[in-house]
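In what comes next, chain A is part of two complexes: it sits with chain B in the first one and with chain C in the second one.
Then we have the complex of A and B:
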């Protein structure tokens, strides 16, 4: 119980600090929202009016407090940049709410692919005595980690889209209209994201398994007459997974925050792309909420990692 | 009967075991003794078929009750070996914490033996559990249901080793190999484990191989001894024969190096008797220049260390960020003095507060009440593990000079320059029995004994009159132990040093101490002259401790 209270307090303090930092950053970086919305042709009166409408004429502290009050009430404000139609401003909530499922599904799929392939691969790799297989896996994982994300995106598009015709590149299907088609399309960008992560995770798991295999308890298991296979799966895997869990947590936190490059290559309307455009247009309400979202997700993922670690390692559980 | 014939094992061309032959009869406890690297463990692991893949069996055969397990040049039958391991022969390792799987409950780890070798004999997992619980009871554990469901870290060291033993004996193997099974345990626990192993042998008439570097221990448990050196068995015979009339030079040297009361009249005791005679009459007035170690005259000198009503605390951080940090008292109401030139031996189990006491004396831990008065420059410490306590990236010379660079630790009269520091370091190297050329060596190029010499030099170079030695020989082989103790005694005489000497080994304590202090759970139970304390211990805990050596 104490543990959870502590975690929640940490979460709140972190979010508070991050929101202040993000707000301050927007005060410092050059560029004026009003200019960027109205363009250079606007009259000073028009600018003044917009400034007032957006509340930008008030002092920064007051603006921050107002914004904070609204966020706590669940009102995230409106985007400076996007609008629903000619007369209506676009609420940030709707804007992000639209794009969030894309990123979350993409993250889920890519992490799923990573775990499903990397873990058996890592164990197989550690267990193999075949020098050739070891060499092949070494080169493959090394390469997968070295290829830049955009190029990998293009390769996947070419291989699965153009050569194998398993999907039509660029023809994104919205989850609102056709969920099956949406998932089908997402699988391919998910593969592009997963490939380097598979390389890293498998490598990491292999190394930690090999380290575990030299430990004393493995010698004990051998002295009991356990077979190598039994030792690997019954004794070593759980211990070897411990460091890998932390590593997977970092990967998850990274993908959930949006894979900007891959979203761009596959023309996905996810939050990675939204974040880039919002920053370049000084769309402060959107950026601030996105930063909070990413912070929140990262902390929650690490919290889950922590809990998982406790489940797997009885020694941590009691501390 | 287990028979090893002409066994030779080499690692990348270097012979680790060199043509040894051994026969072990049922009911026999065969002790393999010798220094580290003498091939004891390699022999045992080979017998189990667990030789590392880098090891090559060059010659020899191993037969187990008439069945050929291993033969040089023949690919080992892993399936046969696996069926023997655990079932016919089992092994108990040194470190029960790391030798058990940390993420698996103890019960299932023992149950694995039954699953692997005797699954057919049991109808259900409940029946197997019953058998495991019985075995746990058989190795002297109480509350066995709870032990069954505990993870290794939840048990004490002694309980873990008992669980390991339960795992080794559950299938009543014909051979049990125990590789330093008590080295990682406290003295009181050590004895219980040794007793337990003997009981098991008496009950089941198994053969045992007992590997140890501790000859006192070997003498207590083994029926036969094989003394190993450089991969060869130099002498083999009934234990008492080897102790009373060793034939070879090496065995003689080894037996002579054993610290113990039996061969007590050590050089130190003799020299002390002589110096007592010399200074006994006449010069009562001022023998201060002769900084000898007359324990009898302590009352006339002022103590070099006075500890009064000392309580040492340490903070335990609570998990909650808002929670109070808890104050734990680890040394309670300690009162004692150390006089110039004397050695105060400190014994006690691990976790009894020995190290906390040292930290308080050194001033590393200021969270104390009461007083610690030191009448010398800052006392220095010699640590147990010379491998990890020397910075691996510095040369020996640098390490020796390091204390001299901290000028505020020195007496004001000592001013150092780069050249004088070098001179002092080289001088110190000689004093601790190392050649000058070690000045430019790195710690990893030295042996354990040499490293401990460097640690001692490091402690001495600021010329303190008090040294705190925390298990300074526990990590060393017997013969090296002997040399290091000789060095410490020699330096004591030369400089009139006082030692607070911590050890869990009663025999070492007996050898070095003038007075002995017994600690348990943070309290000092008893302080007394060595002989008085050994001959007439007052506290029951002291009695228990002494009964074991």
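Then we have the complex of A and C:
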């Protein structure tokens, strides 16, 4: 119980600090939303009118407190940048709510692909005595980790989209109009995200498995005559998976926060792309909530990892 | 470019005083539709080295076209939208009393004809009968009054269109006639009546969808994805539009745009880079036309050492615009020296001879020596990094300036930082960027009047201001035209800024589409585009 209270307090303090830092950052970076909206058509009168309309004429502290009060009441405000119709701006909640499913499904697919491929691959790799296979896997995983994400995105587009014609690049289908088509399109960006993660996870699992294999309990098991297979699957894997879970947690936190580069390359309207454009247009209400969302996700994922650890490893629970 | 008809219409109007539109509208509305579009591509003023021609064949009705656009929509309200990228889309949904035509003329839209009183202070608009809004309602005199009052700031005191500030009253004479009274003569005001007519009070109705009278009606907008419009079955120009549906899809990434064009998920995309145009022209139609922008190496006239006219002249001598054209414009751009679209033939003066289009290193060095900088100086060029064209131009310029001893470096900045630091606060030395012109000839010159809030180069010339005052006082376009030429000469003599190119706008169009029209203003007219019958 004490553990949970401590975690929740940490969560709240972190969110508060992050929101203040984001607000401060917005005060410091050059450029301002009024200039962004009015562009080169700005006249002093219109600038002033807009500043007043957005409440930007008030001192920063007052603005932050107002914003904070509203957020606590569940009112996330409206975007400075995106219109909903003729005379209303898009509510932040609606805007993010609309983009979130894209990122979440992409995350689910890419983590799914990663786990399905990386775990068997890592085990196979650790268990193999074949020097050649070991070498091939070594090179492949190294390469997959070294390719920059945007290039990988383009590579996947060319291979599956243009050469194999398995999907039409850029023909993103909204989940609202055709869910099947949506998932079909998402598989390819998910592959682009998963490739380096598979490399990393497989390497990680192999190394931790090999480390475990040199432990005392393995020697004991061997001396009792247990088969290598039994040792690997019954004893070693469970221990070797522990650090891998932390690692997977990191990956999940990363993709749920939005894969900025991949979303850009595949023209996916997700959280990552929204964040980039909101920052570049100084759309403060959107940026703040997105940053809080990302912070929240990261903390929660680590928390879940922590709990999982306790479930899987009784030694930690007892401490 | 010769084929570009300039704005005879307004000159004519100014000379003969006083009625408008009857001719041009009759033609565009009455004409056989296929005629409108077939003449389209040839009329578009494509330069000689055009890389493609739209397919010919019979026009068909129906179909959907997906158009890639580079920027997100900044507002769905036609009166407050400021981004050129938004206006080019809204052009399909909204219309004013008059609207721009491909040849630079104005044609009547919601108005059927108009006349101007002899003193130039009262505009009388006769409304076209039977024009319907997308909600099915007929356009009334009240709607027109409301729309103009809103733009002019007569409703709440904030003018949304600054040129319309001079409007003092909008009166309904009868249900098909509206009179607009201004307090000073401005022969260019007629261009401002291209601003949208919207239903009375619609800007204050909560949750109202954008409603206009244009060839397409608004269906939906999704941030970051795009905007969808459908055919306006009641459009007043008979036979238009051809397409049932147009989707404007936001694609910010150059690579993605190329891929999508190749894969056929978008059928039309404009403002191609030279590299894209070269690659795409192998498999699809790539059309070209002079764009409505003027690119320049803008110099802040208020900072050392650029406040010395000799230094600015030296920089202008050092520029090799032909080289920039080759490297950046693919050789298709028009080399310019003044702040006027070359397509506005009646007003443009070719001043390329003043400093030459190639580099004149000796002249530049001599001027620098006279100014006390025999060894050159350091110069920071702040460039918005989201525009590859300007970045590339800046890179070429840096090398050219090096030849005369000026040690220039590029500071790549984000667009928003540019808007704040360079454009609004004027805290910079030099920048490469382009200004978008509109069909109002004086638009690109007005900003260099020393007190203009848009004078971001801090150009201060008494002579210029004097002539500009004459422009404002001039009551005919002819008179204004002469002053505009003078203004351009002063701007060049004072070396206010180093204009470089009017870059060609290259558009990729799917092979089975035809009818795309170029405009001398920044719009993307989809009403004349059609699928060619197989």
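Descriptive notes on the structure:
Throughout what follows, the second predicted complex is superposed on the first by the 318 of 319 C-alpha atoms of A that agree within 3 Å, B and C clash if a C-alpha of one lies under 4 Å from a C-alpha of the other, contacts with A are read in each partner's own complex, and residues count from 1 in each chain.
One rule holds for everything that comes next: a residue touches a chain if its C-beta (ideal position, glycine included) is under 8 Å from a C-beta of that chain, and two chains touch if they have at least 3 such contacts.
Worth saying up front: this structure is predicted, and the values here are computed from it rather than measured.
Aligning the two structures on chain A places chain B and chain C next to each other without any clash.
Of the two partner chains, chain C is the only one touched by A:45; chain B is not. After superposition on the shared chain, chain A has more residues touched by C, the comparison being chain B against chain C. Using the contact criterion defined above for the overlaid structures, shared-chain residue A:239 touches chain B, although it does not reach chain C. Of the two partner chains placed by the overlay, only chain C lies in contact with A:85; chain B stays clear of it. Once both structures are fitted onto chain A, a short way to say it is that chain B and chain C open up an angle of 150° at chain A, using Cα centres and rounding to the nearest 10.
Of the two partner chains, neither chain B nor chain C is touched by A:177. Legend: residue contacts after superposition of the two complexes on their common chain; A:219 is shown touching chain B, with no touch to chain C. By the touch criterion defined above, A:35 lies against chain C but remains apart from chain B after alignment on the C-alpha atoms of chain A.
Legend: residue contacts after superposition of the two complexes on their common chain; A:265 is shown touching chain C, with no touch to chain B.
For the three-chain overlay built from the shared chain A, the minimum Cα spacing from chain B to chain C equals 44 Å.
Contact residues of chain C toward chain A in the complex are 72-77, 82-83, 158-159, 162, 202-211, 221-225, 251-253, 255-256, 259-260, 262-266, 414-417, 419-421, 423-424, 435-436, 453-454. Put simply, chain A touches chain B in their complex at residues 2-3, 5-6, 9-10, 215-217, 219-227, 230, 234-235, 238-239, 312-315, 318-319. Across the complex, chain B meets chain A through its residues 48, 50, 81-87, 90-91, 93, 95, 98-104, 112-113, 116-117, 151, 153-154, 164, 167, 319-321, 323. Residue ranges of chain A in contact with chain C, taken from their complex: 29-32, 35-46, 49, 79, 81-88, 90, 95, 98-99, 154, 157, 161-162, 168-172, 174, 264-267, 269, 273-274, 277, 280-282.
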